[in-house]
């Protein structure tokens, strides 16, 4: 088994607000292996985008981060801002959600590439820069005839390809893609997903794909981590998780998706918790159909029901940690529409 | 749970050859020098019928004209030509004031619940405003009662708690419920729902769709459901119309379309939806490119530049040749590309939407050079569908004149129990 | 897929667009000057000459003809740059423009340089280091500068640097002796003295120029501070700025190449409008420092009810305004490729 | 197209005032919505607004009670017994700010000047808003030829040096209205009409594209109702910002008019700009008090108004508004969360 290229341990990202800290990411651990695609799914507000930005060192002012982000024997969180910056791009690159606004409107595509390459490889000649840029663009299907055009001359799908080319031109080992296709049409989305799926094959690049779309995860990811209210509640090979979800939240989430095979409507009652005052115990317990007495008082302990699989839910034990009477079903309160998301 | 319409009665809504063009307001200057600003053909000849109690899905990507079609039916955009009949009465081309009575019978729900409520109005005022506008309430008590009733129907209870709320106090799902309450308070027959759930979170979508289905039964509503999402359309609609660049390319019962999609565009769409089925992988054979510009749509069938099954009469033209060259160059090494690029002149000057195209030679090259290049490209990949549509290539002094086959505009034709607009089914007929 | 329009075709359309704007201005001026006070001759000479004499002079000047004819005559005069002769001192308007206009041009030009350097510089620092002492200081400086009437600043400067410190002259464009001996080639005294290599006179001219141009420049600069700061804050939040950071681009480059350049686009537009403020300020500065510019001439002629002169000066100002706004738009199109169509 | 922006979750305020009755809640709602950002504002923006409000209020009080506060009348050049004040006298116990070239008391003229300034500003704000607001509303909402014509016209006006316009108009109006407050106010109003027009129109155009305006049309609302209930209600929120900023600017224009001699004549009322003009020639003689005090009054009042406007803008304008940053300190871990060295791998 090879070493993980990126390994995150107990990462916390909290935002300060007037009403107290918001625990956007609250104790998240995972590993990313070379060349694999890990899907990070969750509903909006679960902290998945914050997590991605936290890994990149791109958090807004007033956010606190701790834990460990290990990349090549270095803890990224302890590096100086300058060293962090050197890693952004050639080692860890990011692709964003809205391609339309991610390119500087006053700069030609060519200038975006030369700026990026010159920043990290100052010795490149102009000719090499052009060659590398055209290669990267060509790989994304952008014709060389359009190299000197401005961003506004491209459609949304093409801009996202340019953004990907811009990320790949430095040949990073890790790419973090934050909802890369959400703003795009179905056919274009499929094109972009195909490009991302080809990444691992052609470049041995590890991809962290952050999305709310379970369909994308099922098709494009090797493994999946499900996030709820700032925590990863379940992780495993995507095939396994989709076939047999362990965590009640994963089950409910999969059940609520409307897909081509949907025959009835199901949904999760209630709304995700306010992350400045998360519920005690398991954060999902107020909405969980399987909630037990212990869930309301004690945070679940991570268990591994199968190799390569982990889940944080009291249903999977460990039984010796559950206090007397803890397995009694929890008396549930009525959840009104008034509290829905 | 699609519900089949019971009998063949007169349609509630009958749309015939509807077009909606938006003329581009060219700048003062461009009109001064005589530039034609042109128009966006947002809806370009659409016909369909909607029966009482039916749910028709209008499915398409952005730019397909589905939203404009919905807005035109509701008189929010002006129809350029064609007819819209509501219960047999023509409503296309009516003035704003003449249209007003019909607004009680047709309502709309917009995509973005955050933007569809006036941020400066509380729910009591906002939901009750339609009644005030049409002069249907006389007292504040009656207004409260009616609004309370509507809010109860959409599940915003206890209503007293919601009367004084402003949109900024509500969650996305709650806002969409409020919008639905406002839409049903006038007792409409037809509800146009423009992507009502696409801005909502996964776990909320099902709730809103369920609510809409319940309202349909309780209030005997007919829906025109506009969406880009085939999955919800499959679940929600009785019939589906697939739109591409202002036209319906395929229309028919939901089950038939999903079981046996006819139009190549429908086939690709179905293939492209990401599905949480762990055994699916990313599809490979997808149409290239993106939805073209609706100001200058492609000749013949609008989908032909992206169509994997296109052939001679689909409407090949100069722009397709440009695309072909650019695709070829994209895949080439830089030196090869530079070498070929130096032969051909400015491609942007090529004719748009014409069956002939002159490919200019670059400075220092003549038509023969360009012709040689084109011939070589054709030889290397004779399977490329474009070449089926090329009738003739002749070298002229400083370029090559390429003649394409006459295009054929696909019309909607009945194939099995659906209607398809595709030249492939021309032969079948 | 839009292809970018050429700058040239943009310039052509924009030049054509300038004509209606000019026509509107000219018409407003005509209506104000002609309809409201009656005809200029009566206004200037009414009661001072006999009725016959007045009628004769009105007829000579064509003011007894119908208004539409007068309007056309007026437009023809403007088109042929024949703006008449002043009633008060019988100077051809062209001479007024050439001599006094040059003095205003000289003042405005150097004031603009002061405004750019102080305004853009401080604005940049305030926006870049938001909510720091530098930001607070810069903003307050900007607000106080904006709040101080230019003539009040002039008064304080005269008191301090003229009277108490006795560093600089407080009035006029030259010392009387220098002024009498100066040859005028361009009417721009700084240039004229350089042409003649008359360094004593040059020094004298520059010493006279410093106080008025710095005072006027600072006042205009106050507006720029606010403008640059706000726009920089907006662009610093831009998606492309975050994307550039995610590629590891150095912070300095992110700020200056991406944020600042984009912030300049709206700033340039508003600078066009600020030109009008600059002209207003120039009138006041000229009055304060006895500067023989076109503004103080305007006031003098207005005092004497010389409508021909007033109308001429306003028409020329209008033409200059239209030309400047044209230049600003073209500059904007040059910077921002999205504007060309 | 879905777009699910993920922002740090903001706690909803649904139950904030649950103890109020629904009707009370409703009535308070509108006010609360207007003032919530002001109330939530922290740090610099808040300080700025309140300092500005303080300064402005001081001047308003000074204007209202000018007669009571000022030691002399604004045009009084002699004592009650007919003893003429000494001309250009340095500050003394008798004349705290000294006297000027007209032998009037500088302090009194400064105090009465605030009355003039506030009268002119209020009147001109009213007039320019009364013209600019509806024009902008109609032009922006209806669009078309009317809009294009008005925009071209207003832009031309806006590009022209406003002071020159004001001078000419003040000059022309003085024949009818004399050299008092009304003339100055009207001249200034005309300068600001294009500004209101422009701001209101641009805002209307952005609001016109909102779904809720289209929804109102779909409901059958008449254009007038839409303009009033859906557009104006949302445009109006920005008016205080423009109004305060324009008020500041109007004071400067008034002073400039006075400075050039086309504003209010000294016999009509006290006006700071005019006083500074008379003081310019004093500078050479080292007489500082005649110009300094009226000048400071202008600077202070304009700064006060600008601070209010800027602060409001910071607080209300979402584009540059920044959620107040609170530093977070991560509490030490609670030991229960297991830190594992090896997590699941494929």
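As written, the chains take the letters A, B, C and D, and residue 1 is the first residue of each chain.
Here, a contact is a pair of C-beta atoms (placed from the backbone, for glycine too) under 8 Å apart; a residue touches a chain by one contact, two chains touch by 3 or more.
What you see is a predicted model, and the numbers here were worked out from it, not measured in a lab.
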Chain pair, C-D or A-D, that carries the greater number of C-beta contacts: C-D
Farthest chain (mean CA position) relative to chain B: C
Separation of chain C from chain D, taking each centre as the mean of its C-alpha atoms, in whole Å: 25
Whole-Å gap separating chain B and chain D, where each centre is the average of the chain's CA atoms: 47
Centre distance in Å when chain A and chain B are each reduced to the mean of their C-alpha atoms: 31
Residues of chain D touching at least two other chains: 1-4, 12, 14
Touching two or more other chains - residues of chain C: 1, 3, 20
Where chain B touches two or more other chains, by residue: 28, 62, 161, 171, 201, 228
Touching residues on chain D, where the partner in the complex is chain C: 43-44, 152-153, 155-164, 167-169, 171-172, 175, 248, 252, 255-256, 259-262, 273, 276-277, 279-280, 283-286, 288, 291-292, 294-295, 298-300, 302-303, 306-307, 310, 319-320, 322
Residue ranges of chain C in contact with chain D within the complex: 20-21, 24-25, 28, 32-33, 36-37, 130-131, 136, 139, 143-144, 146-149, 151-152, 154-156, 158-159, 162-164, 170, 226, 230, 233-234, 272-273, 275-277, 279-280, 283-284, 287-288, 298-299, 302-303, 310, 314, 317-318, 321-322, 324-325
Residues of chain A that touch chain B when the two form their complex: 43-44, 130-131, 134-135, 137-138, 141-146, 155-158, 185-191, 193-194, 197, 212-220, 238-240, 242-243, 252-254, 256-268, 271, 336-338, 340-341
Residues of chain C that touch chain A when the two form their complex: 1-4, 238-240, 242-251, 253, 257-258, 261-262, 265, 335-338
Residues on chain A engaged by chain D in the complex (per definition of touch): 1, 4, 7, 9-10, 12, 14-19, 21-22, 24, 27, 29-31, 33, 36, 44-45, 48-50, 61-64, 66, 97-98, 179, 182-185, 212, 222-223, 235-237, 272, 274-277, 299, 301-302, 304, 307-310, 338
